[in-house]
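Shared between the two complexes below is subunit A, which pairs with subunit B and subunit C, respectively.
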Partner chain A sequence: MTSSSLTAARTGRRRWPWGVLLWPSLLLLCLIPGVLPRLLAPLNLGELTAFDPPLWRLTLTHLGLVALATGVVLGLGVPLAVAVTRPGRVALRQLAETLVGLGQTVPTFAILALAVPALGFGWKPTLLGLIVYGLVPVVSNGIAGLQSVDTSALDAARGMGMTGRQRLLRVELPLALPVLLAGVRTSTVYNVGTATVGAALGAGGLGEPIINGLSQQNTALVLVGAVLSALLALSLDAVLGLFAPRT
Partner chain B sequence: MSKPTPTGAGGNRPSAPLLSVTKNAVRGDVPQVLVLAALPLLAGAALPWVLLRPNRLAPGEYLRLPPALLALMLVLALLPLLAARFLPRLTWLAAGLAVVAVFWVVGLQTRCALVGQAEFARASAAAGVWLSGLGALIAVYGAGLLLVGRQKLLAWAWVPAVLALVWAGHLSGWSVLVEARNEGPRWVQELAQHLRLVGTALGLSTLIGVPLAVWAAGRERVAVAVLGLANAIQTLPSLALLGLLIAPLSALSNAFPALRAAGISGIGVAPALTAMTLYALLPILRNGVVALRGVPAGAVDAARGMGMTGRQIFWRVQVPLALPVWLTGIRQAAVLLVGVASVAALIGAGGLGTYIFKGLQSAAADLILLGAVPAALLAIGVDAALRGLEVWLGRRFGRVG
Partner chain C sequence: MIELQGLEKRYGDSFAVRDLNLVFAEGELTALLGPSGCGKTTTLRMINRLIEPTGGRVLLRGQDTHTLKPETLRRGIGYVIQQIGLFPHLNVAQNVATVPDLLGRPARDTERRVDELLDLVGLSPAEYRFKKPAELSGGQAQRVGVARALAADPPVLLMDEPFGALDPLARDKLQDAFRDIQRRLKKTVIMVTHDIDEALRLADRIALMNAGELAQFGTPDDLIHRPASDFVRQFLGEDAALRQLAGRRAADFAHPGDPAGLPTVDAQLDARSALGIMLREGADALAVTQAGESIGILRWSDLQTIPMQPPISIRDEVT
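Our next item is the complex of A and B:
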């Protein structure tokens, strides 16, 4: 059953995913020292001195934060979605859905800032914010995917004598996988954006040039951070799109 | 009851299940939620509740609850569970009491801690308060699931009680409210500025986005291009987008000094408003196109068959059918704007973000709370209000359509 649902997802994609090559190579090109400042020089927007932590390190910090957050989100979100979709837990599922809705509504910057009094400055509050915010699409898509599993498929599995655990691992999760993966993709890509805000809390990353540029009125600096974080988001979106088609 | 439920691109909220079977299932499962609520309440009671510092920046000492109050909080932690077991009708009261008690104890403890301290001493809420508050709110949520119809309002009974506590000055010792009192009218100004920014940007983007969506929806290739662009831009970080949108403005003011004199530059209210308007344009445009193209062709054909003119078809068929999804887009834009407006303080546009940045710069947690909590509540409030409007309009136009 796993292979059939996966092949269905694969054949559903028609076009060659050219973004997988384009965006990462553009990102790498921009990370070569001196390329971005030279490209931005003709626009005459502001002065760009040498970057103290080099741009590739900022990018790696950024990527590391997002990857770490996504790992934790997967570890927490999937079991949570499974737990609240078991029969006899309707109230818990509604609670989870309400909390997820709240997480979607509350501004990211507020979530990040509220973590500072508890955890101090640096990458820790940012990571907490990324986890909280990243859980939203994973849990909501996980619940939606597991809820949409055909009851007749579950009945058939029960009729075959599968235990609850077997049904979950062999029927429900494989069938819910495409929707779940789409949630993971959304969560990762959004977190690239959220992590830029983390620079305001001293987490480093690609938000640093943006925040510095905005507060020093140096638009060129803003553009450096904006272009790089946009390219990073587009690259991750394209790469994850290989595994998770947009639903 | 076959009302089409509006489903936006971003939100897959549950449409309230109205079958009596599911309702009974929910009711049976509520004790699980109440157990989940009791855990943080119990843990919170054991943790420190007050952080007492000689001034707002210095490190301080953590104070726990005295035995009597500890016992009170432990009882209140278990009360909703007991109520659900023996007196399900009054679960809301038990849960509401827990919320009010958290606020009451915070007020009591912060004021007690400040007795005999210098004027600059600050008593702020510590981990126990936040954890207990979380548990109490979950309990209220669980209790709300037991109520039906109009009775649901009872689950909000704690709100006037808490407001009364604040009004009576019971919480005046809490550091956040001390800070708020010091800021006073300035805080109100920043809140108003926040609302002005969000309102103006939302109004402008609606004015631009609605006709644009109507225009794009009628043209196949334009519509596809708009949707593709909107999807691509959605992957971009909002802060990056804000920066990118400010760049052309500041380039313009650099090139033409006359514009700079007219107040257009890379900093201040004008660039923030421009960036926010463009930012909010996306969901409005995208949902507008999706909604208008989602109107069933059969309905339009039937209208044409009835002899309606193009204008009649648009106003009487397409708009009412497209409205729910469209309004979802406007709601998403409004909620996004509340968040973006708090970052806009960085470029000197004011708003509640001012306090967040001030607090971050001086490591003053109270200032951060003073900005972040109202911003979060504002977003939730705007979301709820527009959701209500959607339901109301959906009902109204649903009958006409």
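Our next item is the complex of A and C:
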């Protein structure tokens, strides 16, 4: 560690990471009406008429779906990871790890299709799919992070008179946070991609131009959806990276 | 101060600790000594109820510890472990402040207390307060560990092989530093160790354990000169008396006297080496000097009785 970074860590000040702004600003640029069609025109892939609903609205719907899913995933996944890593629950932990691993092997489309009979078309089955899929990295990283907490720190915490809850909040979760956050980041970025599939169920979002483009054999339209969701994923990844503690 | 009455820990059919009766006197450092697997750590952890006994009682100032909430009990007892167990995400000051925070002491008082304690364990507060545990050496980290255990000023300190993971040099320094701290604070300390030298060096009393039972309880002199069994004699070794000297400074044994014509030794030299010099020089007394000046003489016969307190006070080197 260099002396300058030490000083920065001590005073709590950080240099503002300007690089983070790259992807969000590119995304905003592409959302200005007319910019994307003009950029794609030289490729001669197809006609792009005015978008209805406008692209920014599709992006917001998409972002909203992903954010809601991430919120629910955090609300379910973190307590689940905590619950199965308490002492004396080895069997439960293994079960959770197996189930979560299984969740990853089921194709997204299958989850979505299975959810439709129960929840109907629209954003609800999509949200369910995103939650099931998003839980995987959060739960497995949460378990890994909590498991990796130094046992001697926990012994000291217990020996000094911390209750189970205090150990969790003051020691275990802060120490598991970097690994957990990496899981949240993965989950969110995956779900930006997964949410495009939701358009097939009528959830809206950036999957809409992709699906319309496919049915109209208009590659440019497909490209619009793909470029925007990729930029959204990169933007979220960059922003979430800000929360990762530096060592 | 702390009394163990018929304390027992059984796992299935085997006893980790069996019918242990001991009284730890107030203000004394007692070493729980013994080979690995003798039950010394189990005993220590039953005192702050990190392990629940299967039989018997632990009395703390006459009160059965079982009547207290474990967390309340533990907040009143300092705890130091070999692996140190500092919280890596918190800085030194926050680590030291752990128990005062748990007890809800005012932050301003705790801040002052943290600085006091860092001074006490020989770390400059200005330099170390904001360091993270990862930036500390093993010796520095365990100094913080000791400061953290003392933060809420508990009357009792439990130490589980506190200096066992340190390199020999750091261990010596920290043992010296801790002995000085203990002389000043007079805590009731129970220290688990398998290191005979450490026990002889630091302990007022030694409880030697074997296979879950007490083999002998007494002062280091008792164990060396009046071993209760062959096990005690064998465990301490035939050179136990020499090892005891190795943990003391020549100055600890010095008495006023005429240094004229005697070979000189430095006050900081250990007493075992001083004895070696006597044998080499064929002398039965040495002049003990500090910074070139004589502070007393050390006779052959002085070495036969180990003083608990140095008769002549000397300036301690800051380590």
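Throughout what follows, the second predicted complex is superposed on the first by the 225 of 247 C-alpha atoms of A that agree within 3 Å, B and C clash if a C-alpha of one lies under 4 Å from a C-alpha of the other, contacts with A are read in each partner's own complex, and residues count from 1 in each chain.
Here is the rule we go by: contacts are C-beta pairs under 8 Å (C-beta built on N, C-alpha and C of every residue); 3 or more make two chains touch, one makes a residue touch a chain.
Keep in mind the model is a prediction, meaning the values are calculated, not measured.
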Subunit B versus subunit C, judged by how many residues of subunit A each one touches: B
First, second, both or neither for A:192, with subunit B first and subunit C second: first
First, second, both or neither for A:174, with subunit B first and subunit C second: second
Which of subunit B and subunit C A:101 touches, first, second, both or neither: first
Touching partner for A:92 - first (subunit B), second (subunit C), both, neither: first
Which superposed partner A:30 touches (first subunit B, second subunit C, both, neither): neither
Residue numbers on subunit A that touch subunit C, as the complex places them: 10, 150, 152-163, 166, 170-171, 174-175
List of subunit A residues in touch with subunit B within their complex: 43-45, 88-92, 94-95, 97-98, 101-102, 104-111, 113-114, 116-118, 121, 140-141, 144, 189, 192-197, 200-201, 207, 210-211, 213-215, 217, 219, 222-223, 225-227, 229-230, 233-234, 237, 246
Subunit A partner contacts - residues on subunit C that touch it in the complex: 48, 50, 70-76, 79, 81, 83-89, 98-99, 102, 130, 145, 148-149, 158
Residues of subunit B touching subunit A in the complex: 10-14, 22, 25-30, 32-33, 36, 127, 138, 141-142, 145, 231-232, 235-244, 246-247, 250-251, 254, 266-267, 335, 338-339, 342-343, 346-347, 353, 356-357, 359-360, 363, 365, 368-369, 371-373, 375-376, 379-380, 383
